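Labels for the chains are A, B, C and D, by order of writing; each one numbers its residues from 1.
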Amino acid sequence: MQGNFQVRTDLALETRESFAKDHVEIRGVRIEEAADEEHELYTTTVVIETENGARAMGKPVGNYITLEAPNLSSENEEEQRRVSEMLAGYVRKLLGERDAVLVVGLGNREVTPDALGPQVVNQLQITRHMVREYGKSYSGKMNRIVSAVVPGVMAQTGMETLEMVRGIVRETKPEAVIAIDALAARSTRRLNRTIQITDTGINPGSGVGNHREGIREDLLGIPVIAIGVPTVVDAATIVNDAMEQVAEAREYQQSLRERIAMQLSTMFVTPKDIDETIRRVSFTLAEALNIAFSDAPISDIK
Amino acid sequence: MQGNFQVRTDLALETRESFAKDHVEIRGVRIEEAADEEHELYTTTVVIETENGARAMGKPVGNYITLEAPNLSSENEEEQRRVSEMLAGYVRKLLGERDAVLVVGLGNREVTPDALGPQVVNQLQITRHMVREYGKSYSGKMNRIVSAVVPGVMAQTGMETLEMVRGIVRETKPEAVIAIDALAARSTRRLNRTIQITDTGINPGSGVGNHREGIREDLLGIPVIAIGVPTVVDAATIVNDAMEQVAEAREYQQSLRERIAMQLSTMFVTPKDIDETIRRVSFTLAEALNIAFSDAPISDIK
Amino acid sequence: MQGNFQVRTDLALETRESFAKDHVEIRGVRIEEAADEEHELYTTTVVIETENGARAMGKPVGNYITLEAPNLSSENEEEQRRVSEMLAGYVRKLLGERDAVLVVGLGNREVTPDALGPQVVNQLQITRHMVREYGKSYSGKMNRIVSAVVPGVMAQTGMETLEMVRGIVRETKPEAVIAIDALAARSTRRLNRTIQITDTGINPGSGVGNHREGIREDLLGIPVIAIGVPTVVDAATIVNDAMEQVAEAREYQQSLRERIAMQLSTMFVTPKDIDETIRRVSFTLAEALNIAFSDAPISDIK
Amino acid sequence: MQGNFQVRTDLALETRESFAKDHVEIRGVRIEEAADEEHELYTTTVVIETENGARAMGKPVGNYITLEAPNLSSENEEEQRRVSEMLAGYVRKLLGERDAVLVVGLGNREVTPDALGPQVVNQLQITRHMVREYGKSYSGKMNRIVSAVVPGVMAQTGMETLEMVRGIVRETKPEAVIAIDALAARSTRRLNRTIQITDTGINPGSGVGNHREGIREDLLGIPVIAIGVPTVVDAATIVNDAMEQVAEAREYQQSLRERIAMQLSTMFVTPKDIDETIRRVSFTLAEALNIAFSDAPISDIK
């Protein structure tokens, strides 16, 4: 990435790749990789350890786990289940002993690629009201106290999502928030097959809907785990990427790119079957959370 | 209404009628009626003035305005608009000088006759975020600072609606809440053609979804205006009403009624075109609020 | 049932019961019953053998299999599957060797209790276009050549469903039609837990949407299997049933009943969770058809 | 356009522009232009007059009227109405004296940018069943005999749309078909603001859903008017267009373009607000048809 044109990505993995391409090592950023070739599951953990690393990456200090899983939107029940269980393992690990969880489904349920969060919340097993009514032993199956909310987007509510979530957190006192969001990626190859899980919460400017304010531990007083799946690529990005492959005078290209970026600024790229895909991905994520919140045994996460 | 079987209605008008039928006058309850025969608009104001009246009516002290308007779900734009303007007038009167309003769309958007509140909120012109960004002069059209939320129902959220609304109110500091809800009536004749506006808020047990806790000024610290439209009749009610017309030994009937009430307890009666009707009614209500919140001139309410 | 007030039911089983109650035997109508108590599956086959039986029952000569299955809308996968397999068995038996099947999803997808047919069709595995492209061996899994259509209702299309289906049948030449429809029952106990399968097709006046013309073998030239599930009770019916239990002067009651029937003529009774229930029932039915059309082994139907 | 990579467009206007850019005149193709600057309405009529012109354009002989109207998805009622009336005029002109019209809503109602046709049909005033019931004088308002169908896509039905439409045409005998479809354009500038009206019907390979067979007069026996609005751009196209602006060795670029085209073959570009836009565009089109079919006076089309 050169010059002023900024290719946008919400994936720490992609930000890091753009450095790697230029053979730049970033101090304060550590990478771990693991692969389960048989089941096509690839995990990359980007740990931003210092403020220096955070500046370089343009993302806060913390852990960014990226799960690449072509089967995220699989129709095959077994394959889909394997992804759910793997994700459930990471969620459990990050939740630790925290019992009461508020799941926040970010995004706009009426804009297909932004409807991931609302659709995940629709499929969760909610327990908080049952636990309050019948005590924690009402069911052997659910271990956590789960509540959920779909706050909607600012054009629909007139309120910052942060305001709504903070009010609800203060009133209902969960111990952790899990925020689900649709993300923008840089590469179409990643759409609907990558999950990013991070303990740094939601950052301003991220997401398909471009959140204006963050949803983070320092703003809410409790940890925020963010789970995101890229569902769109900014249209300007794919043009930019193609042009980078053409070796040409830099100056000319830069102004051309900016012109194109402006023309395409309200456009995004999605797969042709996005409506169906969002349904499937949201099911896999909801299952992952339902498993994470239950006492179902799952294979260990290394 | 005799014996133990309780016919349920959320309309103060209908509670009062059941007394009137038995020629009972209730102290502490005052009635005012007005009719606009030409436009088929009938207004009944039930004022519960004393605790005695409240006990008798089973509803709290306050004003209950009932607007009977066959054109509430009219396809004719002019007729529909007249209902919207009339309702807008009552809303303005009850709001007074309060500028910042939070509209709460109660109910379940996935259960047709309970989706009225969410559908109204979908069609509102939201201004709070614009006013905060550009100041109150950003548009000459909107006078109030409008925000809105669809909290969802407890089975979906695990939280009481009151908890969510109270949290959001504390964080975003509106001066009044307007709660929109689908109601249960006693008579099928009233379905989708009656609007009840009250300054007493939402009471426990009311609504198609049977709210467990109230949403009232004493719980939120700011006035709550509730606007409701009956969209269902409990199935047991229509059977009971029919049977009352048959003069029969009371004792036998009472037990029969209770048996039938139990059998029908999960059933309700709706018009065959409820999906389309809810769309139209929600449009009329949303228009009413959009007018009420703007500086559009409307004919005076007497 | 006495006098002029006609309680409406689309279930042959219920018509027959109303006779049985009055201890009337009908010549030309044969009944067979089977019960699987363990799995709560009850089958009643009403065979109308003669024109005399047809007149008495108000339904054409043919076989009416009624499957009573509380698990029709079960969330439990195993229970739901058992119902699907049982229904699949009956469908296979009635289809016989006919290979090419057109499934017709009757009803209005925008009116919840009438949306059963469209929702079933949405979940079918369609094969006709694949067989035409790749030959019948393209998949070992699907044995039949399956096509499907949701014709919509007359107010949306301006056409009789029969006209549309006949045109499509003539052009695409299936060997049998399976028509899926939502029915009206007499008793709320039967809603969403009863399936009627018949080889007599769809008759005028039946269905939630009151089909104006039939869809039958004599009109299409190929056999028509109709599969229906009652999703509503006419509101007048439950009142009438309650009143029958009150021993009263017949004449008076009759006129009262007619008055009530008129008042309630545009109302129906549905369970409060009808939106969710229709989703589940349509899944069970679609699974049944997918199994029936495949070569999956299922337990024998006696 | 050079080499093997084919930039796809369903708009005759855009095909013609790509020739114009290379200063190529095509024999047998005539162009007429008209502009209403005040209301931002631009009409280009491409008349393909000869088989030679048809070969060059890759589209059949006939008239292609393109209406460029930024207000096609306007929220302003007056602006939107003006577009509807203009389109209504062209439809009336092409329909001539034909009285009985079947409107076919092509596309997949569950894929947002392909749902234009189904959404238009949902909002039409259907009259055929009323005329058959009450005679043509039943309403002074509707002059034409209107029926409509949403056939669905082949993956849902197993049938070619042509088969279904031909069957229905033979059975119900309309005098003309109007087919509504979502198109692919070459330029994002045209999305949701251009309408193409043609008397050549639907051609194989056109449309967002890539129709496999045409729907044309020679296949149906009655005239077919096709109305299309571009709602997507193939993702490969915007990359290709950008790269054309970079003067580079042709050979290298051509192979790069093909590689990119392959990578992006399942992706398309849409505006971020596509769900809302489709709702608005479909309303404008439905209004246009409702006006065209009525006897409402509209300003003349020159």
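Keep in mind that, in the parts below, a residue touches a chain if its C-beta (ideal position, glycine included) is under 8 Å from a C-beta of that chain, and two chains touch if they have at least 3 such contacts.
The shown structure was predicted, so the numbers you read here are calculated from the model rather than taken from an experiment.
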{"item": "Centroid comparison with subunit C (C-alpha atoms), farthest chain", "value": "A"}
{"item": "Gap in Å, rounded to a whole number, between the CA centres of subunit B and subunit A", "value": "39"}
{"item": "Centre-of-Cα separation between subunit D and subunit A, whole angstrom", "value": "38"}
{"item": "Centre distance in Å when subunit A and subunit C are each reduced to the mean of their C-alpha atoms", "value": "45"}
{"item": "Multi-partner residues of subunit B (at least 2 other chains)", "value": "none"}
{"item": "Every chain pair meeting the contact rule", "value": "A-B, A-D, B-C, C-D"}
{"item": "Complex interface listing, subunit D residues touching subunit C", "value": "121-122, 126-130, 145-152, 154-160, 163-164, 166-172"}
{"item": "Subunit A - residues contacting subunit D, complex", "value": "110-112, 188-189, 233, 235, 238-239, 242-243, 245-246, 248, 253, 256, 260, 263-264, 266-276"}
